[in-house]
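One chain, chain A, links the two complexes that follow: it is found with chain B in the first and with chain C in the second.
Right after this comes the complex of A and B.
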């Protein structure tokens, strides 16, 4: 059965994040406290890397179940890591875990369990800083991901298929990304084709859509294009998503529209949880 | 359904134990931190575990659940009740806390366990690979643990390296009771199916019974015993970082293609062979039919049991570094069992020699020759006896085995060479395929470009024609307006002239007769003729006037000569001039509007045509694009399928190569051992045999 390969140190897989860093990411996204889209997305990536590191932490440290690339696209296309990992593409997860650019002390109000709120601080590792500059060369970004994935698969023909996760606010400025998206998904391991998921961060007031099975309810053409580019969720991921309370069918796609901050993390979470780490 | 927090959410919450815990001793307790000074998790599939030390100095393992386990509370209560009634050092004390940890304002259960100071099984084996005694001890304790569980009616449900910790005194601790079976849970389904590298391929989640651990128990025991018997197996079969010991899921699901089974099944140590053969035999058996673990008794009964002591024959080639070889020097083979017939044969020899010598001195040559023949005959027969001796036969057998191993090595190497070729071919065909796909795609792109360009060119041509028509329209409109004005004016003049009668003009010399003649010709007013043409008469040398009628015809009017005609013409011209003075200066608005609106319609028609041309081009392009995308997707589908097939082949190929390497290593070891054994037969030679025949030594 496809999408059932073991993810282990001897059979690791690749996770490629594509992060829209175009000028439009400067725009605020709705919510009670408006935030810049670039901040939302950077936060999501940092959380995700934390989540992955925790998931793969064992007695002796973080294990290299995954190799991770964070690719930014805007003014240019390339690694979006800051700090020691700057300029690197696929990095073994243990190195990612040990080398955030910095660890931020974040003040946080948390419920005290008795109905009140108390102030506390949490340490939050940061690998990627928010950037918003230039156009949205999504086609080039997808081609970049394709190169990484193809090279990875040449060395790991039996791995769980690599996952490419694209976070964007919509419009590609270097052409229709659809065929580039199809091309990424032609690269396959013995366990299945590369998965491409999309997260559409939008300032629009339209209702958020999470894991839809058709583009009917999507409000704009960009969302529909991104939906069309997204892979259907493989069975394991479907069962996780439905465990999380999402309505899921066989044609559900790995796409989230106008996701608020919570569903950003949720989405990423499921993407990684879907794989049974053994 | 409870949605549990993620591992990272727990890491965040545990940064403040004063807030996140309700248990008095955990409130404010110290959490072990990682390199980033955040709580250090140890994560499994269902939970993240943290080390938390209370103010009193007691260390706990706090297990925070990231995934729902069906009926967790019920299960843990039953497990806890049952374990309280059971003895066992393997047990880890725990408490299931409903209000365990506060994350983002909600309470979640945790399992508060005693912290086990121990080393994970894999790491422990790595540290003890060469400590045969320790490994054998652990195997024995493991078997005892499995027996204890069975006696207590318990199954752990997920026996595997991650859940077995070895304490510093070598005793085993079992952690992770999520999937545990105790009798009170009978009838439930398994909460988890266990680690894939430790399960029978036939296990399913309905198998929740006291005997579900059997397969994993065999696998773990087999691994411990095998590594104890031959540490080289660890390096050979366990890939560094692999989530298994010696055997993994792929070996169980496809034993025929396994690279690991043959190495174990052909192993030189019989205990290993037998154990592995048993496990191999269990693969097709239903889970309920698996036998309980029965530990082996070790061949040499030393205190804790060790295998036949073995030592390498120096110097070892590097790939042999880890292989255990017989330690004692190879005992020399000797001839034994000199019976009387052999003694008798031996004794014939001196007689023959003496006889032959005597004959040579005394007897004629022919007789002496008989003696020599006898001697030769003796050598021949003793050689035959030597050849038939069991020691000699054993020597031949050893050498034959060596030859056979040589042949086997040759064979495997040949297979490896074939595989290498196949691998190259695979790479080459994949590269070729990729190249031809590129060409195909480029072709499609080119076609698409051409089709789009053709549509654009045609649309451009039509648009250009529309444009030029629109451009000419201004001049045309002006022409038409001018014409209308001219017509209007001409009509005005005509009407005016029609009111001026010639008869009333009273022109000099134009009497009633002439006026009548004019009327006869249809000319009564100034409007009835346009002018006069004069035609010169060649004979008369004078000019004859011809009146031009508005119809364009010319007529002669009797009585008119050139003079009178010209007077009439002058008059007419004056009348026309008078009429022109009152002609309209511009077009009346109504007329102008009619003309203008006709032109506006024509502009609109052109605009519409332009839109149509554009829309049609766009539609055609959309069709072309659609086809192009469909073609690309079709190619992509093919490419994806082909890529998947290539990947599959490569996986199989890599596996076959690994298998060959395994076989080569096994054959080399066997070869080395066999070669060593043959040295024992250096003493089995014909001269030695003769000495033995004579002396018995």
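Right after this comes the complex of A and C.
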């Protein structure tokens, strides 16, 4: 059965995050809290890298179940890591964990034990900075991901298939991305084809469309293009998404349209949910 | 009554032997297939791999429990005494952990930011403890938290299984003991206790979940898993056992997970 390979240190898999860094990412995201889209996406990626590191931490260090690339696309296309990892593509998770560019102290409210909340600080490691300028060269970004995935699969032919997560807020400015998306998904391991999931960040108040099974309720051709580019969720992610309260079927796609802050976080959580760690 | 005790373990594929998070302990502390007289105490624990320091926690639980039951024979017969014994191990763990953190500092490897949340949550493990009383009218007692299993075999047939009865019961989230949980009442409420009688010729197997699930599935296919394990325990080497486990995993008959087994043979 496809998408059932164990993920282990001897058989790791890869996550490639494609992050839209075009000028429009300066605009506020839809929803109640007016945060810049670029900030929301950078925060969500940094938080996810933190959670992955904690999840894979054992007493001897972080286990390399995953190798991770964060690729920005806007004025240019390339690694979005800053600090010691600047310019690196797929990085073993242990090196990610040991090399945040910096660690911020952020305020956090915790229970005071008497029914109220008290403000404290939490450490927030940062690997990528919010960037917003230039166009949306999504075709080149997908081609960049394809190169990384092809190289990864040549070295790891039996792995749980690599997962590419594309987070964008607008239409591609370098052509129709559909063909480049298919090209990414044609690369396969013995366990299945590379997965490509897409998330569209909204600037509007429109209700998010999360993990749809058809493009019927999507508002325009652009949304339908992104839907068509998205892989169906494999079984483990389907059951996890279902536990999270989403209505899921066998043809549910890894796609979110008009995402607000909460659905950005859910998209990353579900799209990287590879459960069989050994 | 005399008995022969063997303990065996194999780490999951892809791990190194010292990374196993399953643990076992027996009293008297004997090597493979060694003869003992009188009371036998045994425990196995399965550290949850999602938690940090699960292996050391499982080892401490198994070791402490056989000693607790040796000192206080009621430990496995009463919910309260079981709960109190777990609390004792939680306090031992606090000391162990303080020493561990100090060692890491001393060795220039202080606790990193990504380890702290795991340490704050504590380590998790199942526990199955077993007592074959040498002096109480041939009774045995067992206490279980989670899905590590005890099997009693008499006259070539499976006569008792505890706490799970069928292969399909595995896979849901088992009850676990947390290294920071000091809620004695909750532990006392959740522990499963049982007892039974034994006689010459009986065999007991204590197995962590992957092996226990294989055992029950094999039984459900009208096999005699006890014969296979007895042969490996009595005549095989550690390597034979590891090879056999690898083969079952390869056939898809056993989940790739750490394995621990204690065999008590009254034959």
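Methods note: the second predicted complex is superposed on the first by the 269 of 278 C-alpha atoms of A that agree within 3 Å, B and C clash if a C-alpha of one lies under 4 Å from a C-alpha of the other, contacts with A are read in each partner's own complex, and residues count from 1 in each chain.
Basically, a residue touches a chain if its C-beta (ideal position, glycine included) is under 8 Å from a C-beta of that chain, and two chains touch if they have at least 3 such contacts.
Values in this document were obtained by computation on a predicted structure and should not be read as measured data.
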item	value
Fit or clash between chain C and chain B when superposed on chain A	clash
Contacts of A:54 with chain B and chain C, given as first, second, both or neither	both
Which of chain B and chain C A:6 touches, first, second, both or neither	both
Touched partner set for A:36, first chain B, second chain C, both or neither	neither
Superposition-derived comparison: chain B or chain C, residues of chain A touched	B
First (chain B), second (chain C), both or neither touched by A:88	neither
Touching partner for A:243 - first (chain B), second (chain C), both, neither	first
Which of chain B and chain C A:224 touches, first, second, both or neither	neither
Footprint overlap on chain A, where chain B in one structure and chain C in the other make contact	6, 8-10, 50, 54-55, 57-59, 98, 103, 123, 125, 277-278
Of chain C, residues touching chain A in the complex	12-15, 19, 49-50, 52-53, 56, 112-115, 117-118, 256
Chain C-facing residues of chain A, complex	6, 8-11, 50, 53-55, 57-59, 61-62, 97-98, 103, 123, 125, 277-278
Chain B - residues contacting chain A, complex	1, 3, 6-8, 10-12, 15-16, 19, 22, 34-38, 40-43, 45, 48, 67-68, 102, 104-105, 107, 120, 123, 195-197, 239-243, 249, 629, 632-633, 636, 639-640, 643-644, 646-648, 650-651, 654
Residue numbers on chain A that touch chain B, as the complex places them	6, 8-10, 47, 50-51, 54-60, 63-64, 98, 100, 103, 110-113, 118, 120-123, 125, 153, 157-158, 178-179, 182-183, 185-193, 243-245, 269, 273, 276-278
